[in-house]
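Two complexes come next, and they have one chain in common, subunit A, joined by subunit B in the first and subunit C in the second.
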Partner chain A sequence: MDMKRDYYEDVAIFTSRWIIFWFCALILGLALFPFIADKFLKTYYVYVANCIAVNIIVAMGLNLLVGYTGQISLGHAGFFAIGAYATIVFMAKLGLPFVVSLFLAASLSALFGFLLGLPALRLEGPYLSIATLGFGLTVTQIIGRVEYFGGRQGLHAPELVIGPLHLDSDISRYYLFVLIAVLVCLFARNLVKTKVGRAFIAIRDADIAAETMGVNLTLYKTLAFAVSAFLAGLAGGLYAFILGYIEPEIFNMLMSIMFLAMVVVGGLGSIFGAIAGAVLLTWLDLTLRNILEVPFLGEWLKVMSRSWFSITGVSNIQYIVFGSIMVLIMMFEPLGIYGLWLRMKKYWKTWPF
Partner chain B sequence: MVPASGRKNQDIGKARGRRVAPASKGWCMAFFRVEDLSMWFGGLAALEGVGFEIEKGSIFSVIGPNGAGKTTLFNCINGIYKPSGGSIRFKDQELVGKKPDKVARMGIARTFQNIELFTHMSLMENLMLGRHVFMKTGLFRGGFMWGRRSYAGREEQIHRKKVEEIIDLLELQGVRDYPVGMLPYGTQKLVELGRALALEPELLLLDEPCAGMNSEEKQDMIFWIKDIQDELGVTILLIEHDMAMVMDISDRILVINFGRPITEGTPAQVQIHPEVLTAYLGEEESDECAA
Partner chain C sequence: MKKRIIWAVATLLSLVLFAGLPAWAEEGVTDTEIHIGQWGPQTGPAAAWGSVARGTGVLFDMINEKGGIHGRKIVYHTFDDGYNPARTLAGVKQLQEDVGVFAWVGGVGTAPGMAVKDYLMERKVPWISPSSGSLHWITPPNKYLFASYPLYKMEAKALCRYAVEIMGKKSVAMVYQNDEYGKNGLMGAKEELAKHGLSLVAEIPVEKSDTDLKPHVMNLKKSGADTVLLWVSPKHALITLGTAKAMKFEPQWMSTSTCSDYPYMNEISQGLWVGVITTAFGDGPDSFGPLMREYKAAFDKFAAPDERWGTFFTAGFGFAEPLVEALHRCGRDLTRERLVSELEQLQYFRGIMGRISFAPFDVNSPMCRQGQTEVFIAKCAEGGDMIQLTDWLKID
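This part shows the complex of A and B:
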């Protein structure tokens, strides 16, 4: 039954015992995952989980911007890079502790987000995407040319230390990353249910009407950019420690497009969609890199490649598979994974009939 | 009041503004006054020399053929367009040059001719957006809403209660949680009205609230507009093409054509004005419409 008895239930997360139960189950599952992975699978999966956690944070931020506020961005790798570089520079060169560096780096990224949001007030759709694309490309170019940031050589991430804790393994980092990812998800979910989030959605659906209802477009559009950039910067700071070493080439245009693809494939304008998109695409990306080791498919591709392709053909073949999966999802469910989820829920609601 | 002759009402605009102002001082502070408003799009005058005054608590209608500049007038009041000249004063404050959100904060709400709802939000959320100017929850209080006693949680509850009152008034309980894009046209028009009411406006601009409605829905809408005037004491500025409705509910009517004011007066005065009959209602059908 979904009868509501008081107004708070409209915005509450835990509206029924089942949701509390599943949430606890999820937290327990996340807490136990490294042990299970360590014992029964490979520790590699903890690394995958870390990448997923980082991408969830970015996707959540990008979803606030693209899915909720309706402002497209193809430059999120730029914010990601700013976060990653700033965190390492603050720690290694200025000697600040990790938590402070991470927060400062994310704030710096938010500042750039705010600045990018200013031209965005006058731009829309394809024009905005090109402007943000330009930003993303510029950031890596500038970073690559500054000697202080390591230039083309890149930077090594220092040891990740929080107080007495030395997080030097994937498993120990896992808890930090997942904790932040869960908090970010809750934050985003609460945000879109309250005043600021409603203003974002209003701007997306009908900006003139939103303005005449008292929403300050300048404030909320730049705020959306800033929040989105903050989360991307935060994720970038964490990602630097997954890699242990960063160089400008990592934060290329393809990365920006991957972030956008996560949000779109997952389902624009839905928290669940951003999570699902980040999980699926990160996993696919990491798995398909070793596509030739995948049973059956790998062998088949090798044969195909030998008989049909040039010698270099097989090396980038994962993008073909990757692309086809995305095309199929968008073809059959324009709402992305979130749309599939909605259909599944509907189906099971009336299941025996 | 002595019924004014048609001739007296004929010459309005600049001259009228000057003449009416001292007379109106005695019985009412100018609640809302437009003076010599003009709006040019390149060489085209969408509005020229428009002036009128609205008494608090009344229903004031603007009529005119398509393209006469009625919606442009609304857009100027709202701050969506910046007028080329003239002034718009609301409770002795100048509106020209203010941004739309500032105008909204002063207590002016509006509905749109072509529905401009937040189609993916539920009806409840649409009305909650109408409460935007009254809410103080920001990024942090909103994002870290930890429970019903948190600041954001309490504020949500207070405003949801207010919104529920509007839902009760407009009898929308049945579709409270529906995405508004799924609702039928008539209901969407009503939601727009509700959203404007959520702003608790003192002046409500209604841009063709009955456009595209069937006669039953129209009757209901007229009933609600009257209700809003009587019970909530909201002053209403109305654009509408349905003459029967306009003549029925308006206290005063302004007729404009090609951006220029033709006349202004009570429904009875406007109906018999010769220029109105030729310009707007059409010469042939003049008898029928005036009746």
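This part shows the complex of A and C:
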């Protein structure tokens, strides 16, 4: 365990010089990534990175709610949709600049998060998950019926312009998305290390005990929902520009479940876990469709499918693989990828002795 | 001696270098291959439409077996997007950058298609026959995007005209899905009925998630309609029919090409679908045209054993036909610009779908990129057989 000698050491974002060094190395790596991808790989990987960055932002928000505050949400696709729609509507219909629209959209999403947080004060576990699930489904139903939001015909994202910059390629958008994702991570780390974060954790561990200690349950539970929704809305606003076109069907229940899966697989209650979960699941989601083209394995899967199942359904194998990976991680490491990381650190601690 | 070695090395190097360069400058075309791509949902909510992409694959197999097109085999790249636009875009980007696809064909769904449209159009990659009847494809028209799925609006017009002029119906009602598909149909029905001095006696919206349609059918019954247009999904069409039967409400039902897979609809509804009139934009899978028989033979030879010979599968053939025809007309000298100009010159091209004509690109005329404007009207007979009621109708 790390020894803390005073309060400020405990709340510091970077606990040692080494961490600052590795953080700078990471930032440098992220900054160089598009050039490397452009030179040696394909810009397709920059697109994948953009999707990952957006999902990291959502996972970070959801982790604050699920992992730190102990509340559950199966409705984050709803906040995501509010963010995406509001950003586009503010920009295209009201003519506001991108940064303002994005912030307003995220705030609107936070407002809805606050409202959803009110019933959450009295609900727990499965009841809360049903309530949030209902919220997520309702949002897309309502958006789909309002002509102003394009109804089921969807909306086009306008051009992404910040001041003099036209972000019209994956690479230029990458810098914006990654910048926001890094800021969000720092924000989340700062939050959980200070008063608010400690209140969240106290509520998660025992809410009655927390209340007797003077933690205002109403304030902090709704705050957790609002912050979480704010980040989901922020990510939604960015996602709209990845696709360039949004319609209500995109923000379905499966999306909410994916978000939750990222947090759980990554490791509940850790910043690292949210990042790792978002990276792994997004990457799997986008690349498993190619599983049949993997040398040997793909052919083998096809042969097996032809003789035992139905060859037209061979694509479903990707979901079996996807599910198995999640089940295996949870079975052998309930703390998720974060748990694996902790074990690895422990194993190498005394190396080379 | 030394000079000779240098020469030899130089010759060898240049050989290697030139061998590495493609003989044809156009992306996705080599001396022996043409790379064509398509996405299709093999999993997820729209998996039933995955057979479109597999149908196209069988057509290409058939063409390759005969030696390809002007000595070039078609290399077909297809992937599963699960009807998730983010995955569609990922797959298209990856194939476009890794392989360099020459042109895209088909591609199920409005949302997945809309996610990739700008990407393909910016790169000037031709895309033929998006598999959904959306107005998005031609408003505004794009130089490299050729739509051949008939507009839902047109199908509604054809049905209303048939109901009023041929069958002498007076009170037409409509049940429509509350989205682009349903609303385009509604628009068409209203326009056509207005021409005859009529209007819809009831307009009843259905949401995709609705499961109980009793109130909807009750309203239909109250309106006293003698003809009801069903602009809904196959599931809702069947629920409506079942509910109406229980309520002893039996008007003339009419529906869209989306519900024109008669054997399938008839089997699920246990015979309720008999007598329903629909539009169709392609010859039925069991029709006797020589081309359809040829396709059936290819299906027997190349398709997976558990594949079903249905309308979605044959649609996969139909959507690729304009592309194949244009590739034939291009000859050996194949470039994207050439392909676009050959497509533009297609006039009344007839495959297994209605006749297809495009026109030179004009930003102000969306119809220059809407190839097919023809449908025919058919009726479901006992056992799910198709009785064709009209010839191909050109509606505008």
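Keep this in mind: the second predicted complex is superposed on the first by the 342 of 353 C-alpha atoms of A that agree within 3 Å, B and C clash if a C-alpha of one lies under 4 Å from a C-alpha of the other, contacts with A are read in each partner's own complex, and residues count from 1 in each chain.
Keep this in mind: contacts are C-beta pairs under 8 Å (C-beta built on N, C-alpha and C of every residue); 3 or more make two chains touch, one makes a residue touch a chain.
It should be emphasised that the depicted structure is a prediction, and the values quoted were computed from it without experimental measurement.
Peer 1: Would you mind checking whether subunit B and subunit C clash or fit side by side on subunit A after the superposition?
Peer 2: fit
Peer 1: Does the superposition put A:205 against subunit B (first), subunit C (second), both, or neither?
Peer 2: So A:205 only meets subunit B here.
Peer 1: After the superposition on A, what does A:194 contact: first (subunit B), second (subunit C), both or neither?
Peer 2: Only subunit B is touched by A:194; subunit C is not.
Peer 1: A:324 contacts which: subunit B (first), subunit C (second), both, neither?
Peer 2: It touches nothing on subunit B or subunit C.
Peer 1: Which partner chains sit in contact with A:16 here, subunit B, subunit C, both or neither? Use first/second/both/neither.
Peer 2: A:16: touches no partner chain.
Peer 1: With the two structures laid over each other on chain A, which partner does A:138 touch: subunit B (first), subunit C (second), both, or neither?
Peer 2: neither
Peer 1: On the combined arrangement from the superposition, state the nearest Cα-Cα distance between subunit B and subunit C in Å.
Peer 2: After superposing on chain A, subunit B and subunit C come no closer than 31 Å at C-alpha.
Peer 1: Per the definitions at the top, what is the overlap between the subunit A residues touching subunit B and those touching subunit C?
Peer 2: Subunit A residues touching both partners: none found.
Peer 1: How about subunit A: which of its residues touch subunit C in the complex?
Peer 2: Residues 42-44, 47-48, 51, 141, 144-145, 151-154, 242-245, 247, 249-250, 285-287, 289-290, 306, 310-316, 318-319.
Peer 1: Tell me, which parts of subunit B touch subunit A in their complex?
Peer 2: Those in contact with subunit A are residues 78, 80, 99-101, 103-105, 109-110, 112, 116-121, 124-125, 128-130, 132-133, 135, 137-139, 141-145, 148, 152-153, 155-157, 160-161, 164, 195-196, 199.
Peer 1: Touching residues of subunit A toward subunit B in the complex: what are they?
Peer 2: Spelled out, the residues of subunit A in touch with subunit B are 6-8, 10-12, 187-188, 190-191, 193-199, 201-202, 204-206, 208-217, 223, 227, 269.
Peer 1: Within the complex, which stretch of subunit C touches subunit A?
Peer 2: 42-43, 50-51, 54, 79-82, 84-87, 89-91, 93-94, 97-98, 110-111, 114-115, 117-118, 136, 178-180, 183, 207, 209, 304-307
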